[in-house]
């Protein structure tokens, strides 16, 4: 049971920072930015490349987050901000194009060989009878800290109030006396940094590879959609739900439950867990679970 | 023909419509007037099914239509126009007119593909009819032009003409004259009267009192979501409640002129 | 070289069919389908499975069309009360589920190895002549589909759908049921993509899960954006251009010594950059959609 919980938390940890960032940006730009998950890959690659030059890992991580947030702001200003004027569908296809260009860039610069961050392998410690690596503890607490910080930012600062006002009503923010352009920059930078760290967390426990971002696309979107896409903290809840679904799929002994031989769901269908969750949740609650606003189209 | 009883509609905690009762007979032209924000457009949206009704009943031609989808209501012959109609740039004026027509072929793929001749004949007939209507709205020369490039007033006329393509039994018009060249107001009035003579009913949201006097037989005045008066256009200016609705206070003794200047 | 040229043309025509299908959905009806490749896959696997079972290949094609049409109805129903972007993500997810099925159900789809070695159309014909025969078949199907697509788009059905795409509220006020229209568009356009899949599997003689990656959908999107969204001739032109660039880019390796990774990267870059450039600089594409001219004479 504890092992199950830890597996679930670790998977949620992979998705949470990305899903939260995606939700943050969505409340700002009102289109699902497909390229968002590529920030995870770029963050992981940048951290690897910087650390590879002998820079201490913590510094490499900070630099990579900074670089990725700059990239996010530049991309928003140069491309997405202009595309959104032609409507959300055009912007969404445009973000797809940016994602493709990003993948081709990773492939050209880093090649198809996976890379590993310079981390020493450490023996897992036992937590309540389940093995946990010190690294996992580090990343889990890091994510928790960041999400707590974000919650404070959203609910206890003028910036957060403006942002939540923007998510609810665009004209309202202008009335609040906050420059939407600066707000957009701040949100893009924040989500870029979050995504980069999310990518680094995944790269730390597995490896860095070209399709790191693309493979995250559907689970991260599933988490954000389940959470309601405009609600960053809902996205965190969404990440937990997706992680729960996936972990359940790997651990649930269907055969035993039916009183027969031990039989597990085929692992090949693991990615389908999040996909099916998207479909089910959207059919049941078209606007996601953690949102009160209803829209009639 | 159109009967509304006890209709209410809230947005959050704000009541947009409060116990609205309204009755329009076939062949009757009723103006819906009231200050901005009094709920006129909300009423039109609820009647046409674009917004769900909160409480109350709406009956049209003897059947309850509250709760039906907008498209179903339109197919019953209750057609609405928009205050600021947006027109697609990728379609010509004539194409849009056909979107309101073609009752036989319709959008059935089977009819379109398997009966090319019948659908072609109907298209020809409907194009002729559309041209006739466009001519009367002075839109004939723009027939093959992109509808998105029309002026605001022309879009208004086009949306009226599109509604006529539907052979409506009842029309809900949202400010048909706003933005339209005043020289064409008389033509609009003629069209409305022609249709009325065929038995159609009208509920017209209108700010232009001159037009209301010319066209409408009865005025329903809405204020803060409530019907405050139901009178003839001539009585409108002398009715104290109406004046209060517009000005927020009773009119000084001097008489009518005040309302005219505010309403226009 | 001649054989390679025929090969590229055939693949371009096959993609052209997919592009027409997506253009009917996205360009005409405004449906953001990011799972187009699933329809292609259904057609391809249907042909392969039917051929393995010893059935004649037209049976496989028809089965694929039927399955794709039903699947189109299914994803359409899923969109009953979804905003366009949510629906787009859902279609991407459903296409991935189709790919996972192809990857995991060995008994049906051959699993990761895919299906091959089944009887293919024009099997007895040798070399270039088989290529030409397939090319003729593809050209015939493409022209027929193009004619159908153009006719449908100009008919009342297409006309109203274009209104639904641009001004849904106006369409509703004219009594048009948006859901039913979009559903029917999906059901009639999905089979066209299924044919393209069948032709692909029949021509190559192989189909595997790697041909169902989301990138294939994005490739088709690039084709219609470059060609001109809403214009079917444009969609075919886009398919030809993108396929020529895509197939031609590895030829650079003949002249410049670049690694395999770099060549692959170049291909993706070409598609992504082309798509982005057109979206930003010429959203209407090479052949823009124009309002149809109608005369009083019909």
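So that you can tell them apart, the chains are marked A, B and C in the order they are listed, and the count of residues begins at 1 in each.
Going forward, a contact is a pair of C-beta atoms (placed from the backbone, for glycine too) under 8 Å apart; a residue touches a chain by one contact, two chains touch by 3 or more.
For clarity, every value in this text was computed on a predicted model and none was experimentally measured.
Undergrad: Mapping chain-to-chain touches, which pattern fits: line, ring, star, complete or other?
TA: Shape of the chain contacts: a line, open at both ends.
Undergrad: Give the label of the chain whose average Cα location is farthest from that of subunit C.
TA: Relative to subunit C, the chain whose C-alpha centre sits farthest away is B.
Undergrad: Which chain is the middle one, judged by CA centres?
TA: C
Undergrad: Counting in whole Å, what is the centre-to-centre distance of subunit B and subunit C, each centre being its mean C-alpha position?
TA: Centre separation, subunit B to subunit C: 43 Å.
Undergrad: With chain centres taken as the means of their Cα atoms, state the distance from subunit A to subunit C in Å.
TA: So the centroids are 30 Å from each other.
Undergrad: I'd like to verify one number: the distance from the centre of subunit A to the centre of subunit B, where each centre is the average of its C-alpha atoms, in whole angstrom.
TA: Centres of subunit A and subunit B (C-alpha means) sit 48 Å apart.
Undergrad: What are the residue numbers in subunit A that touch two or more other chains?
TA: Not one residue of subunit A touches more than one other chain, so the list is empty.
Undergrad: Where on subunit C is subunit A touching in the complex?
TA: Of all residues in subunit C, those touching subunit A are 30, 32, 78, 81-86, 88-90, 92-94, 96-97, 100, 103-104, 214-215, 218, 221-222, 225, 259, 261-262, 264-269, 271-273, 275-276, 279-280, 283.
Undergrad: For the complex, which residues does subunit B have touching subunit C?
TA: Listed in rising order, the residues of subunit B that touch subunit C are 48, 50, 69-72, 74-75, 79-82, 85-92, 94-96, 98-100, 102, 105-109, 112-113, 119-121, 123-124, 127-128, 131, 143-147, 159, 162-163, 166.
Undergrad: Could you list, by residue number, the parts of subunit A that touch subunit C in their complex?
TA: Per the stated touch rule, the residues are 31-32, 79, 82-83, 86, 88-90, 92-94, 96-101, 103-105, 107-108, 111-112, 214, 217-218, 221-222, 225, 229, 266, 268-269, 271-272, 274-276, 278-279, 282-283, 286, 295, 297.
Undergrad: Subunit B touches which residues of subunit C in the complex?
TA: By the definition above, subunit C touches subunit B via 148, 151-152, 155-157, 159-163, 165-167, 169-178, 181, 184, 188, 230, 289-298.
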